[in-house]
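Both complexes below contain chain A, partnered by chain B and then by chain C.
Now for the complex of A and B:
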């Protein structure tokens, strides 16, 4: 009996080393300013235990103390994965998110989505295909779920340091995934999502950004939420047209009419609401050369030219909105630029018709 | 010769035809002047006369207007309470009338469907309610072109808006709005019941309430009495009809290993029936009130 116990302890210690290292690295990632909030959200260490820790010491020592507490509580890989999810939820901008759209067949029954069924089905599909995979779930607001997947192979244990994340809002056709390093697992992930959520097909949208909430606003069409009602107190005409009313009356704007037209057109296209946040728009052009001048080497070229145009900005759509009023571009802007939120695309392939 | 002699009687005696002609000319011009003077004077006179008439007319018109205005003011002051000594100007009267109309337009939202005309069409507001409680409002901004289109909206993404608009928007806008209203009201009602259960009857639940976006699948473990010896039941409510607030499928199961006593079985069946017929939170309200009675039955 004693021998068995010793063996158990030995085995437990072995498991703990990789897990405690995972704990150490995960907790070390957390900025000191957020440490308390994240630990409380995690709710694995009790209030009393947290009080025994000195949060003013150096970070390395603090992390050591916290890892010891986790070991005391017999923390498992599952708990560590949950902490990792919470960290990622707080730092969602550190990942780049893709959007997938699922579809059902025609005439499908009403979607009676059961979260527990979804989770078990999703996990089962992945585990059946890949023996070594860690799947963790955390419920989020608005009936959504965050899924963390650590991929392994037939012979290697899952790599806990390069997980993929999926955010899925129940009874919607959209799923948001963090770009996984291991692209080969993407089809399997798509399959698991589709089957577990009772859809038939899954397609990757040409939409990508760091700002998960903006992606959600775009595909759920939630970015324009100003509506004209009789209850609204601010009349629409009070919007200033960008021209300073207090300016000296001796100064006349020569192109006032044009300025007002530009403001009006910009407002019609972009609206009064804050634009969803994207960092870039990319246009892959495969078009034949077009020139007004006759002749020239390129004019006779049969093959289309290939080039890539990329617009980058800390806030692309706000930047585009300010182009015409700033006088940098003509209003209205090209529909290729203004269709981005409407079409839910920021990757375009343009070919000759 | 006679002519010359007669003319010589008029003052200067001049001789000759030319002199005579001269005298005639001056006579004519004198006569002409005499004739013109009263004419120009007359013209001036008549001009002044017409001006006087005009001014008199204008004066009479203004007098009439003032009288009219005073009469109107008197009429409106008679409608005001007698102890109000303030004089309400016409502007204030119109302002009050406008505010009144505005208030009526604002109150329209309590009818469930109301709208406001926009430059492109109409912005419809669908208000939802359940059991007399006002719940969320949702908006659909419509572009009234030849095929009507939705410009933007605040309908949740899990409501089948595309399906409904594909069926009805082009052909019958009224039906489109009523169907949407049905779906939204039912969703709001189901959500209200689930929220009430979670917040007001948490003591009866043995675990978290499982729900989804549409609130059309609810799964929970509960006890009919929060304290006491009762065994927990598992309830699973399915709402297959998205336009209703009562479930279409109910299964209540017992979570224990030993067989159910007949009283327990009766209770289980009764609960199933309750969930079918009453809104969720009302079922639990009845549990709360029946608490004492059930205890008595257990003791006996």
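Now for the complex of A and C:
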């Protein structure tokens, strides 16, 4: 009896230590300049408590003080996970996000969506399969929910330091997940998402970026649409004037007409508004060798020829947009390059038909 | 197709006109701005063109110097210059054409070998200048040099002609294998 009690106490203390260590590491990640904003968003420590802390001391001691306050408030793993979600929301650009698209089966009607039901069923599915898993939720703007999943296995406790993040917009067929190292859990995650959101099927789209908001703009078609330029009221000359406004009369552009054409074509394809932000596009080409002349070693080759072209830029679509006006490429650009936002993909496979 | 000839028009009074040909509009524009900032007794006019031939329906002054700008990072820009060269009259190459290669500074980005442009310039017996136009200071120096060349080509510098300048520039460089 006594031994059992001691064991219990020991385990409880141990739990506390892992939690406080998790707190320590999470707070340590937060840059000093954002500390106050993030803690206030978290809203776990009271205003009074925060005022007692000296934010001008070294970061290590500040973290120590904050962890003590958390312990005082009997903070749980759940609170720590919430803080981690908030940190990730502030630093969403540090992750690479994948997009999943879900669909309903034929004849399935749109059900009434209940966020609480979604959360509990999502959690239940993961818990049933893995037993050890930490799932936390935080509601965000525009009916979105941020989900943090710390994976464990049947026999091992969840690893809090390599979590996966999922952002799901309720009543839409799209979910965004941070690319996680644990590929083996991906099917389970997909399953949980489909069932909890009452969909039928889930596919990973060939779309990936650091910029969650841009991905969202692309899949929800919130970026500028091309038709807007056609019935735009400003005449073309007036708009293209912007470029030539501070021009010296001693500089004469010989190819003015061609220049205007390039500008018009570019505007028709990309529109007037800022492009969503992506940082790469990849094209995989697999094609059989074809030749009018018979023979040659390549003609008998069974294997297709493979080629990989990768474009990268801090702001790929804006870069593509400025290619033709800068004279680096001819206008219009290849549809393979310009279809990225429309098709919602930046990973392409090109094969023989 | 209209061929550009150097002496088919009368010169404008105290006017020197340069024609910059190249695909990259932004670079040409910056170079033109830099040239116009130079202090110069002649009245400068800078024409920018993507390629030759020039549109024929416009009235333009006599062109005193053509500079073909090749960006070493882009094969497209080299091909464009090669094709444009067909529309220049042979007499222009008596000192009134020059090649300018930009982008040699970042060698890893180059898709055209230096020798290719050197050969091109030799074939047309015209000087080849190297300059990274993207770097402001280099651009200013190049602009100064071009303005000076232009003044000579326009005949605004007493006792030096375009042909003089050409022979001066050529002798200062290593003779090519064919010349030996």
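Just so it is clear, the second predicted complex is superposed on the first by the 302 of 353 C-alpha atoms of A that agree within 3 Å, B and C clash if a C-alpha of one lies under 4 Å from a C-alpha of the other, contacts with A are read in each partner's own complex, and residues count from 1 in each chain.
Everything below uses one rule, namely that contacts are C-beta pairs under 8 Å (C-beta built on N, C-alpha and C of every residue); 3 or more make two chains touch, one makes a residue touch a chain.
These numbers come from a predicted model, not from an experiment.
**Q** Applying the document's definition of touching, compare chain B and chain C: which contacts more of chain A?
**A** Larger number of chain A residues touched: B.
**Q** Is A:221 contacted by the first partner chain B, the second partner chain C, both or neither?
**A** A:221: touches chain B, not chain C.
**Q** Figure out whether A:172 sits in contact with chain B (first) or chain C (second), or with both, or with neither.
**A** So A:172 only meets chain B here.
**Q** Can A:259 be said to touch chain B (first), chain C (second), both, or neither?
**A** second
**Q** With the two complexes superposed on chain A, say which partner A:292 touches: chain B (first), chain C (second), both, or neither.
**A** Neither: A:292 stays clear of chain B and chain C.
**Q** In the overlay, answer first, second, both or neither for which of chain B and chain C A:142 touches.
**A** In the superposed model, A:142 contacts chain B only, not chain C.
**Q** Determine, under the contact definition given at the top, whether A:272 touches first (chain B), second (chain C), both, or neither.
**A** Neither partner.
**Q** After the superposition on A, what does A:113 contact: first (chain B), second (chain C), both or neither?
**A** The first partner, chain B, only.
**Q** Note which residues of chain A are touching chain C in the complex, please.
**A** 248, 250-255, 257-259, 325-329
**Q** Looking at the complex, which residues from chain C come into contact with chain A?
**A** 19, 22-26, 29, 32-33, 36, 44-51, 54-55, 58, 60, 74, 76-77
**Q** Applying the document's contact rule, which stretches of chain A touch chain B when the two form their complex?
**A** Interface residues on the chain A side: 109-116, 142-143, 169-172, 174, 219-222, 224-225, 227-231.
**Q** Would you tell me which residues of chain B are touching chain A in their complex?
**A** Spelled out, the residues of chain B in touch with chain A are 102, 105-106, 108-109, 114, 116, 118, 123, 125, 139, 141, 152-154, 157-158, 210-214, 216-217, 219, 238, 240-242.
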